[in-house]
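In the two complexes that follow, subunit A is the common piece, with subunit B as its partner first and subunit C second.
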Partner chain A sequence: MLELKSVSKTYPGRNGAPVRALRDVSLFVNRGEFLTVIGPSGSGKSTLLFSAGAMLEPSEGSVLIDDVDIYSLSPGKRASLRRKKLGFMFQTFNLIPYLSCVENVAFPAILEGRSRRESMEKASGMLERLGLEERLGHRPGELSVGERQRVALCRSLVNDPDMLLADEPTGNLDNLLTREVVDMFRDLNNDGLTIIVVTHDLRFARMSPRVVKLLSGEVECDHAVSGGMMYQ
Partner chain B sequence: MIGLILKSVRSRSVEYVAAIILIAAAAAAIRVQQSLAATAESQVHDLAHQLGNNILVLSENADLSSYYTLRYGDDSMPDTYPAKVSASAIGGKVKGMTPRLYGNVEIDGRELVLVGQKGVERAIPRAVSPGAIASAWGVAAATALGLSEGDVVRAGGKDLEVSLIAPGLTGGMSMAVFTELGVAQDILDRRGEINAIHMGGCWCSIDITTLAASVEKVLPGTRAITAEGVLASQIESHASVKRYSKVLSVMAAFLVAGVIAVLISFQIRRQIREIGLLLAIGARPAAVTLFFMIVAGVVGTLGVLGGFYLGVPLAARVLSLFNGPALAAAPGVLGRPLLVAILISLAAAFFPARRAATLDPTTVLREI
Partner chain C sequence: MNGSMLLAWRELTARRRSFVLSVAAVAVVIALCTTLELVSRAREVAVASRIDFKGPALRIIPGGLSQIDLERFRLGTSYLPEGTASFIEKKLSRSVRNMESRHLRVEEVGGKSVHVIGFDPGDIVTPFDALKQLPGGSVVLGSQLARTLHTDAGETIPLLGGEWPVAAVLPSTGTVEDLALFLRRADLREEGIAAEANEIRLFLRPGQTIDGPLTLLQDTRPDLSVIPSNPPGEVERRVFGGLGENRMILYMVAAFVAALSILFWSYLNSTERRIEISTVIATGGTPVGVFSTLALRSVITGVLGAILGYGSGVILVFLQDREAASGILWSPGLFVQVLAIVLVLSIAGSLPVALRSAFRDHVSTLQES
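Take a look at the complex of A and B:
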């Protein structure tokens, strides 16, 4: 499904000295796998996620999705791949403020070429399943943090992606909401969705069957744990 | 995409409306300038007509200074000359000819100017006194002789009735008496003669110098006097107005381009997270470019439409408040300025829009 081959990423530093966010990272993620990437702030977690998500070209190495080197594709084809195969959840949700909840969720489907009506119907159904039936016409600014989180999740899933990439999905949530999100992710994974979560929240690590720990841009450890109980 | 554009624009309507107003103001300025140019052109056209009416054909022996001081000599030309002009190649360009015989006569001891004009009898009331001939008098002439309308005076063996005292005869002509050409020829004893032809027509679209030369060629022994210099200066003045109009158009084009470029650049900065998001969730870079190009095109179109249709009425209203000149309708149709504005808008928006489309979504989302 996803393969990172000796991926390194270097950013130009502010004082001219390059900053190496990723160093020779290699990973293979199978279809249907649930991978949690943990590590301290600045360890390269988000860089890894965005490189895997066809959004950030590595300085060295290659990223393959279904055996296709995604950074050899044109920007347009890469956009198409993101639209069709990948779903993203951002830490700050990044909902479009002037669109309603249902429009936010339907938008990627419309971009994909589905009719507005079909997209809106699908978006409404997804939001209703997550208990947001009363909020369909509301704008993001009128929602609570937890509701926005669910809207963002629906948006990431509206095109039935093969893989969900989530950056700190519980970063802004309290314990109760975190539990909800963790449960939702587990259910999605149980339905066959490949999930990669970048987080510093160890509750994900506890329920995740595979945990990769990054430190200073390098994979410090990569554990597949039966039952996901390693980080207790 | 259209829905997203509409909602995006609506959410920032103040900025877009301000941009539309700026562009409309530029378009309106051009339209008002075009209207002023059209007004000036109309005035030049009118002047050309007036000057055309004053094209004067005299005998080549005529002394111009004497002519203008109303002292007429015995120079003349045949009274068949107007027919000759009509029958010639230039006849079609001459809309009207007034052959006249001017002479100095003494009536009741006062020296007056007698003007015989073909067809003048149609412009003045008929004589009511038996045997009298109708005539129109300048106010000064009538006053000098103590005459009122209906009075009859004797001149050169003819009874002239004061059929009309015409205040419209001004300057030297206030001391003139107008009557039929044949009567004047009899009084002045110059049968078959005229000494001036006033030609009328629209000279504004033809080469007046060439026309005058043609007249002299058709009418041997004459010279055609034109006010070409005056007309030329008016036409040059109008050409200057048109040049200013072009300069203004170029400035307006730069203004439109500047407004659009600043607007789109500003909106891109404001919407940078949305752009990053669109790219991240799979919007094609071309779609992002198209998004801003459509917005720019719509803003440019609305601005030009507003300026085109509202500029002249608003300017006319303002001018009327200050008793200014009436504005002629600006010439031209909407198509060309609209097309130019759309092209300028698209060109101005293209580079910022293209830059937006090539943004790195991860950088603009500031997630790293």
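Take a look at the complex of A and C:
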């Protein structure tokens, strides 16, 4: 499904010295796998996520999705791949404030070329399944944090992606909501969705069957644990 | 485009106050420019009509003939080459407002040599209805000629072997036409057919001077003699030309300021919305889609402002000078020009910011958020 081959990423530093965010990272993620990437701030977690998500071209190495080197594709085809195969979730949800909940969710489907009506119907159905049927026409600013989280999740899944990429999805949530998100992710993974989460939150690591720990841009350890619970 | 339209329209309607203010600002500028242009055009047309009555700017006669020949109507059997009128229509359509074909000759009337003018009522430029509505088979006399012949309207005169009723006597104009006899060119027959034109009179558009058409005709048609009439209207036409250039400078300044405003507004908007733009890219949007969204916001604002502004301008002109404006109030050409300029400015003004937004480092933006 996803393969990172000797991926390195170097940023120009402020004082001119290059900053190596990822160093020779190799990783293989199978279809239907649930991978949690942990590590301290600055360890390269987000860089890895965005490189895997066709958003950030590595300085060295290659990223393959379904055996296709995604950075050999044109920008337009990479955008198409993001629409069709990938779903992004962000720590601050990044919902568009002047669109309603249902429009926020439907937006990637409209970008994909589906009719507005079809997209809105699908978005409504997804929101209703997550208990947001009363909130369809509300704007993000009128929702609670937990509701925004669910809207963001629906948006990332509206095009039926193969892989969900989540950047600190529980960073702004209390314990109860975090538990809810963890449960939702587990259910989605049980349904066959490949999930990659980068997080500080060890609660994800505890329930994740596979955990990769990054340190200074390098894979420090990569543990596949049957049934999770390794980081209890 | 569907997604871009959704984003553009939702954002505009969500920020209703700034949307209304932007549309109003565009409308005010367009209304002022439209009013200025329509009033100027109305005035120019009104003055140009009066200038035309003073005489043509250029007179074209067969090659080899002189101004003296023309003034004495001694054009003999020389006629303008076939296709002269259509050549002028094709080459000088931007300069020429009206064109009149005539046949000039001298005929004996009651033992006197009389200047006879054969004209086509459909294209004659004159303030006199008697000439525009002259029925076939009758004549109109210049005031001085009528006195010389002791003839008045309703009487007849001998001409070309027959008796011709005098339909009217023209008021004195102070020109050589006071001494002329007018009749339809079709009545001035030669060998059974209408007399060929031996003079074409050109009346220029406001703001046009005789220099351009004169040079073109002299350079390309040596088979014609082109005589500049240099009537008093030439001065007015030059003044119109200068005023037109000044107006154009004013419009260009307005357009430049408008483009800068759109650029500035787009820049603020894109800076404020950079996280949204990066999110759109992450969810599968493209740089073209980002550009479309920013440009569409400007285009929607600009087009609504242009329609409101043009409508307001037309109403202002109508209220200001109903009579002068009545002929040019509905000016689709100007409306299309206004819309085209607004569209170009909206797109051009959005382009630099859209490009910058589309290709910025979206990952850094998303990480900062």
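Going forward, the second predicted complex is superposed on the first by the 232 of 232 C-alpha atoms of A that agree within 3 Å, B and C clash if a C-alpha of one lies under 4 Å from a C-alpha of the other, contacts with A are read in each partner's own complex, and residues count from 1 in each chain.
Note that a contact is a pair of C-beta atoms (placed from the backbone, for glycine too) under 8 Å apart; a residue touches a chain by one contact, two chains touch by 3 or more.
This is a predicted model, so every value here is computed, not measured.
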{"item": "Combined model on subunit A where subunit B meets subunit C, clash or fit", "value": "clash"}
{"item": "Touched partner set for A:Ser46, first subunit B, second subunit C, both or neither", "value": "both"}
{"item": "Contacts of A:Phe28 with subunit B and subunit C, given as first, second, both or neither", "value": "neither"}
{"item": "Touched partner set for A:Met55, first subunit B, second subunit C, both or neither", "value": "both"}
{"item": "Part of subunit B, among the options 168-176, 186-194 or 294-302, whose backbone runs into subunit C after overlay", "value": "294-302"}
{"item": "Subunit B and subunit C contact sites that coincide on subunit A, given as residue numbers", "value": "46-47, 50, 53, 55-56, 75-76, 79-80, 82-84, 88, 90-92, 94, 96-99, 103, 107-108, 110-112, 116, 155, 159, 167"}
{"item": "Partner subunit A, residues of subunit C touching it in the complex", "value": "2-3, 6-7, 10-11, 13-15, 275-276, 278-287, 289, 362-363, 366-367, 369"}
{"item": "Subunit B - residues contacting subunit A, complex", "value": "1, 3-4, 7-8, 10-11, 273-274, 276-287, 358, 360-362, 365, 367-368"}
{"item": "Residues of subunit A defined as touching subunit C within the complex", "value": "46-47, 50, 53, 55-56, 75-76, 79-80, 82-84, 88, 90-92, 94, 96-99, 103, 107-108, 110-112, 116, 139, 155-156, 159, 167"}
{"item": "Residues of subunit A defined as touching subunit B within the complex", "value": "21, 46-47, 50, 53, 55-56, 75-76, 79-84, 86, 88, 90-92, 94, 96-99, 103, 107-108, 110-112, 116, 155, 159, 167"}
